[in-house]
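See below for the structure under consideration.
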């Protein structure tokens, strides 16, 4: 080794723990590390030049419910108390696992003992002819939210591309601010992946009735162009849609491009095991960027939801710090809570019923009430509800613990909330 | 109960009141009391003095003598000047903490209003109670007069609290004869007593004080290690304190005489001994009658003298030996019994003090005045006659006075 | 890390009446609707009840699941606080909670959760069955834990003995301005007073006679009172010295109202000197002076009820406590300490002796608890003003046989002897209750 290289290494900054990313997974990992290791040096690198915040909060910044100054999940005092160096406004651009060196976008190099990649995802921009020439919004950063919020008062007709959670939240916000809204969704229903078609129809109905939102499902955009009235989207098998604002909510994709050449195995996201370890020793991944086993069939899946990020982040942090109380990841369970136009929907578990599963549906479309329970061999496989009070956390536990509900099947089916609570109360004690 | 005594000057009172007055003059911080005949009026006086504000002390009416002395131990360890008084069975009941007091080097002053011990059942005077505790390490002084009771209780604090002594003191005055016998006494001025005693400084060596945390009297001793030598150090320290007490008693009496003009003999009193060819030895209030008998015998041409022992513990062996050496036969009159030797305990002490002095003097033990019996001038005259006829050193059977109905 | 107070749920005492929910709804929503309560009593369908309520988790799952920083654990109180101004109503917090402790109140239109009513929970106040209990145990850890341990390290108690625990906690609480009396027994036996010129504590300590603890302390305290100094006189005594040979001085000091805190650690005999009988030794118990032989089977008399005798003195404070109920003990210790500033405070703590009672060291707390749960030991407190009150009434006691069977010292008991003990327990509880029903 050359003398100059030695010098370079010696002056290189070193941190025992390096966490790339500053949202839920990163913060959960940091917390878990500090519970066990109070002394190891810890550095958190966040892409945004801001204190940590949650992408999940952004629709509420757009709507004005959240004060953009109050959405931050941590403050400087927290990092100081946790003796953690928080470097915001920087992103990882390269990882050299062999030397355990991470390079930041300002060219600085950090030597790490252990690295957590919690770099999240970025919006997917559909490859549609002409799309690169039209103005559009996405909603992934606080700046995105503020830009979109600024547009609300002057928006008369908005087009929302994608009926996922981001798209639906944005559509509601735009509608409430007085705009006419058109949602275009490639798949056959809104909120695919969380709700079945019947539930989705109930939700869509509320949007149409209360928000005067036009929803085009099963609809593909074949071209985009800028017109005098704004953006014009040409649809397959239908008239074009014109709007003065276009929001793209077509999903997100893990940010993994900077890992090329690092040797870290990726599929759509970074592949991790039950301890959130990547294929390379000393490097972990968690949250939206990670692709971990599904709860149901162990296939590696993306599960870009907040509770999942928290759980994976904690597991990664515990494993990095050598916390011996760690229990491995039990697998990704899709779940979400969703409030819209004063209604509440809950989805826990897989909406895909396995063969032989018992499916119970109680639906009252007029009252916009819906409940679907899928039991697989007496165990809760998934439960989905609209305007039917349900404790999502309790249901998640029943699913992941594979609690045998056979002894109280009837009670559970009649009153899933009460039965679930009683069960968890007993399990707790 | 007599009317409250005047603040200064003279008054007529009994020995119990005299002791109580001395306690007030000594500005005792705490008195703990339990009544018992013939001490009761003493503690009644104390309670009255406290009630009247004449004695500004904490008064603990304890449920028994055992607690009386225990309370005082705690108080002394917290820095208080303390007093109590007891008698006979009360002293016996107090024995457990009593035994412990000298070892803790607590300068507690306690009057023993002497009483014969049970059994036979008795409520009358005799020295048996005080004599029964003579080997426990307390200082013991026996008073002859009511005035001496008052003066000695005050002096006792000066002795007890002297830093090279730090031992508890019993001031013994005879039940019935001194407890209830009245006499004219001179009351010292308060400022004289204040000067004489100074402020109490009683727990500089061992304290129960959060400002000076320490363990008071943890277990000490054992088969090995530091314990045995430490235990010996404490024991030898007690003996040194007793030796120093002899000097402290002398010094206190000297200073008290200088301040008040009343010089009491500190250890022993030699009475008409200069040319004495034989003598009698006495203890306590009997001495008055004994002196009258000596005076009468002298008038009849007998060359008889008297040695009164005031300080019995520590025993003033040198002074006793010097007083008796070369003065022929002696008789010792005791008011209690030494059961081991079937003689009086003072007699045995005197013999021990004279051990090795030759030629050995003829001697005789007399025991009288038990359980309240009077010791009269006539009895002492017969004692003197008996001693006059003693020729060889003995041993002899004890003469029991008051043995005839 | 700080410890926090908490609301405990004793399922075995819950009858599902729902009063707690009504009380909560009234306190929090100005409605009577139990559905809006922040705790939900749940029938499990088999006759018993569960509870859905915020557990105020130490490392909560709801907090990190909030995207809007509307939830935080207050490190002072331990309460997980919800900030309405920040909440975006996304309900993701409910995903984090396994116990339905944070739920949507549809009327209010947002999530709600228990905040323990600022330390005086309405539900606990309402519960007549004792099923809900506000545990202030945290105070023990936070306040007392921050106080200095005033005993030296390394006291040499028997394995499993909890007297050392009791001593250390007591002296921490009572504090450095204390004069401590430790009469002969286990307390000085394990080194509390020290040996050979060395001390066992950081406060002034002494070894009174077995007989005169209360009297010596009275003397000490009176002097400091006279000097105008605030000093606590504290005795850590055994049952033998207090109930037998020291009873006279104890009684005298109590009658005179001497200001002190007299704590008796009752291990039912002279355990330090080889497990001899005291008057606090229960009927039937083996000791080395009530041995088991052909002619006799343990002690043939019932124990003296010393604390009730102290009530007869109308002390400023009298209480019984158990090492298995430390919250109760601490409350009583505080009360006793306060009372000791105005009179005689007597605290009688039942403390099982692993060595002398013949049971495995690990079971000490369990044995202490069984004694209370079988009414073998009754927990109460007394002041002349309020009279006697049971602090842990056991209306449906566990069979005393379970307690007796746990202890080697009762191994020989005949069924007649067990019947005698059962009868005695009933009589003793009745005696305590009779005292409790008497007008103060």
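As written, the chain order gives the labels A, B and C, with residue 1 at the start of each chain.
Going forward, a residue touches a chain if its C-beta (ideal position, glycine included) is under 8 Å from a C-beta of that chain, and two chains touch if they have at least 3 such contacts.
These numbers come from a predicted model, not from an experiment.
> Taking the mean of each chain's Cα atoms, which chain ends up nearest the overall Cα mean?
The most central chain, going by mean C-alpha position, is C.
> My parser should flag the chain pair with the most contacts; which pair should that be?
Contact tally peaks for the chain pair B-C.
> Measuring between Cα centroids, which chain is at the maximum distance from chain B?
Farthest chain from chain B, going by C-alpha centroids: A.
> Could you work out how far the Cα centre of chain A sits from that of chain C, in whole Å?
A distance of 49 Å separates the two centres.
> Counting only Cα atoms for the centres, state how far chain B is from chain C in Å.
Inter-chain centre distance comes to 53 Å.
> Report the inter-chain centroid distance for chain A and chain B in whole angstrom, where each centroid is the mean of the CA atoms.
That pair's centroid distance is 97 Å.
> For chain C, which residues are in contact with chain A within the complex?
Interface residues on chain C, with respect to chain A: 11, 40, 42-45, 50-52, 55, 59, 61-62, 64-65, 67-69, 85-86, 88-92, 94-100, 103-104, 106.
> Contact residues on chain C for chain B in the complex?
Residues 176-179, 188, 193-209, 211-212, 214-227, 231, 248-249, 251-253, 255-256.
> Going by the contact rule set out above, which residues of chain A touch chain C in the complex?
24, 27-28, 31, 35, 54-57, 60, 65-67, 70-73, 306-307, 310, 314, 335-337, 339, 344, 346, 389, 391-394, 396-397, 408, 411, 417-426, 428-429
> Going by the contact rule at the top, pick out the chain B residues touching chain C in the complex.
29-30, 32, 58, 60-64, 66-68, 70-80, 96-97, 100, 207-210, 212-222, 225-227, 230
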